[in-house]
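Next come two complexes, and both contain chain A; in the first it sits with chain B, in the second with chain C.
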Partner chain A sequence: MRRLFLSVIAIAFGFSMFSMSGSAQAQDAATEQAIKYRKSVMTAVRGNFGAMVGIMKGAGNKADLTTHADALVDLSKIASTVFPEGSDFGETTALPVIWEKPEEFAKSMKAFQDAAANLATVAQGGDMAAFGKAFGATGATCKGCHEDFREKKEKRGKK
Partner chain B sequence: MTSISKYSTARTMIMALAVLFFLGPLPFNSANAAPPDELKRGRYIFNLAGCAGCHTIKKSSNGFLAGGRKFETEFGTFFSPNITSHTNAGIGRWTFDDFTRAMRDGISPDGKNYYPSFPYTSYNKMSDDDLSALWAYIKTIPANDRANTPHDLESPFSWRFLISIWKIPNFDQKSLMPVEGKSEAWMRGRYIAEALSHCRECHTPRNIMGGLALAMDYGGTNSNPEGIVVPNITSDRETGIGKWSVGDLDMLLKMGMLPDADFVGGVMAESVTHSTSKMTDGDRAAVIEYLGSLKPVDNYIKRKNKGNSDESWQ
Partner chain C sequence: MRRLFLSVIAIAFGFSMFSMSGSAQAQDAATEQAIKYRKSVMTAVRGNFGAMVGIMKGAGNKADLTTHADALVDLSKIASTVFPEGSDFGETTALPVIWEKPEEFAKSMKAFQDAAANLATVAQGGDMAAFGKAFGATGATCKGCHEDFREKKEKRGKK
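Let's turn to the complex of A and B:
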């Protein structure tokens, strides 16, 4: 009886370990996906930014500036959803401070969204000087956020 | 009795006049006496030299140049000092000679070595004019009483006298000599990059002693003493920025945008904010001309935050 009891405990324990590691794996996979998604969204932001630079430098059609600026407006909204809690582990350069100071981070995101919205409005007007200025202001929000929340840093002591 | 009193009154008056004579000019000569043009120039030098970055804790409203920013390095933790005009907490008692000695020799007014975390290894190449304009501006910084935090270093790095030995191979006291066949702009660019904006302090890897490995000048590193990844900015076409156009560099220095439309973060974002975006167009062009001429160094630096194309995702 005692042996049976022990083996039940052992099996239960083993099973719980197994299911725990299973859920940990699921968790890892979810985090990995979250990070991949985040990088893809950021790549899309970068793509539209680069396209606008190209048009400003004479490539493509000026009329398409609105398309890229509008895309940036949508992406700026999505951007605030790509930093779920817990996605600071793994292959990411997102700094933990994003989750430690969520209000500051939200403020940075809001600045990006507002700048992008303004950029899209200015793009409709077709005034290139004004567009350049709004473009610069939007870029400043990218830099501002990267300055505080993304760092090219290895963890100390890892090397 | 009256005559004695008259005499003492006269004496007091003479003494007061004498004191006024000696002290009088001081309030006008110190903080605000520098002509506005010199202050403006000093402020420009201040921006290009990037003083605010290290001597201010980011996002703290109470401490412009009051120091206290923390730098965790392989040698220990450094805290930047207060450089406001506060007489006790800051450098309010310094003379121009003290300032010159700090910037040129890396030595404090009480004769101690500064750690080269303070980039006097670059600032020592600053011209006399720029140094005095910078001093004129720095003296106007409002006093802040934030007390300095001592560095937290382990031995042997905590032994300051060793810095004297360190300085022998690692401290080039020479100023920047003209190079034959190079343009004015190139020399101006070199001066800004090496004396003021101290680009090398990050972009040149360091040797085992923490000195600049000049054979790899501007070649970047995968982990600097703070553990930061610093890109290779030499003209090497594969591992450096040899394929960048002048326009690419201009966008980076003006607004922090990289050629692939990503935006720099971390320390470089700060440098853009404090320094490079504030350069005159002429100075920025000069820096670009100089950077374009850097001898190629083959040193591959892994770029960590590059979307899904990051190698670790393949």
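Let's turn to the complex of A and C:
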């Protein structure tokens, strides 16, 4: 009887370890996916930023500035959703302070969103000097957020 | 008198060389910018593609699939404008065949645009299986164009 009892305990314990491990694996996969998604959104941001620089320097069609600026407005809103709780470890340069000081981070995101919205409005006007200024202001919000909430380049290992 | 004549010729020749060189430099700068712009547009395409993969795998918000698909529609139209005549040398993997067979290239671009437009329509419906299929079809148009009109990876040097 005692042997049976111990067997049941052992099986139950083994099963619980298995469940925990399965759940932890699922969590890891979700985190990994969240980080990959975040990086893709940032890649799209970078692409549209670079495209606007190109048009300002004479490449492509000036009319497409509005397209890229509008895309940035959408991406700036999505950016608020790509830092879910728990996505602060793994292959990421996002700093824990994002989740430790959520209000400060939200403020930084809001600055990006406001600057992008203004950029899109200015783009409609077609005044290139005004656009350049609004573009600089938008870039400054990226820089600000990266300085406060992203791991510094010199501290990054082989990531 | 002969010396003066020779001097004038020499100055005129020197000036013409200078102009040619200035013009060639301006052309080089424009080409370089056109190629940088092209790469930025492709980076934005890549970012939105990756983001859609992320959402399909459970990251972010499903509702943003339409945002990324709509962005791809815009970018697919812009893609037609990022291969201006003369931007076939320098730091690029674009093959000369793009400009040698413009009709074939335009057909390939049209396939991308049509697939992206269909993807955006399917995204509105919210059927994930249908979206996955339309997504695969869009990716196939990227692959097709890259196979025919982009330098193969193994042939690329340090670019």
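The definition used in the following text is that the second predicted complex is superposed on the first by the 152 of 159 C-alpha atoms of A that agree within 3 Å, B and C clash if a C-alpha of one lies under 4 Å from a C-alpha of the other, contacts with A are read in each partner's own complex, and residues count from 1 in each chain.
FYI, a residue touches a chain if its C-beta (ideal position, glycine included) is under 8 Å from a C-beta of that chain, and two chains touch if they have at least 3 such contacts.
Predicted, not measured: the structure shown is a model, and the values here were computed from it.
After overlaying the two complexes on the shared chain, residue contacts for A:117 are found with neither chain B nor chain C.
Of the two partner chains, chain B is the only one that A:147 touches; chain C does not reach it. Contacts of A:82 after superposition: chain C is touched, whereas chain B is not reached.
In the superposed pair of complexes, A:97 makes contact with neither chain B nor chain C. Of the two partner chains, chain C is the only one that A:58 touches; chain B does not reach it. In the overlay built on the shared chain, the residue A:50 is in contact with chain B and with chain C. Of the two partner chains, both chain B and chain C are touched by A:40. In the superposed model, A:71 makes contact with chain C only, not with chain B. Residue overlap on chain A between the chain B contacts of one complex and the chain C contacts of the other covers 36, 39-40, 42-43, 46-47, 49-50, 53, 57.
In the complex of the two chains, the chain B residues touching chain A come out as 58-59, 72, 222-223, 226-230, 247, 251, 255-257, 260-266, 269-270, 272-273, 304-305, 307-308, 310, 312-313.
Chain C makes touch with chain A in their complex at residues 30, 33-34, 36-51, 53-55, 57-61, 64, 67-68, 70-71, 74-75, 78, 81-82.
Per the touch definition, chain A reaches chain B in the complex via residues 36, 39-40, 42-43, 46-47, 49-50, 53, 57, 91, 93, 136, 139-140, 142-156, 159.
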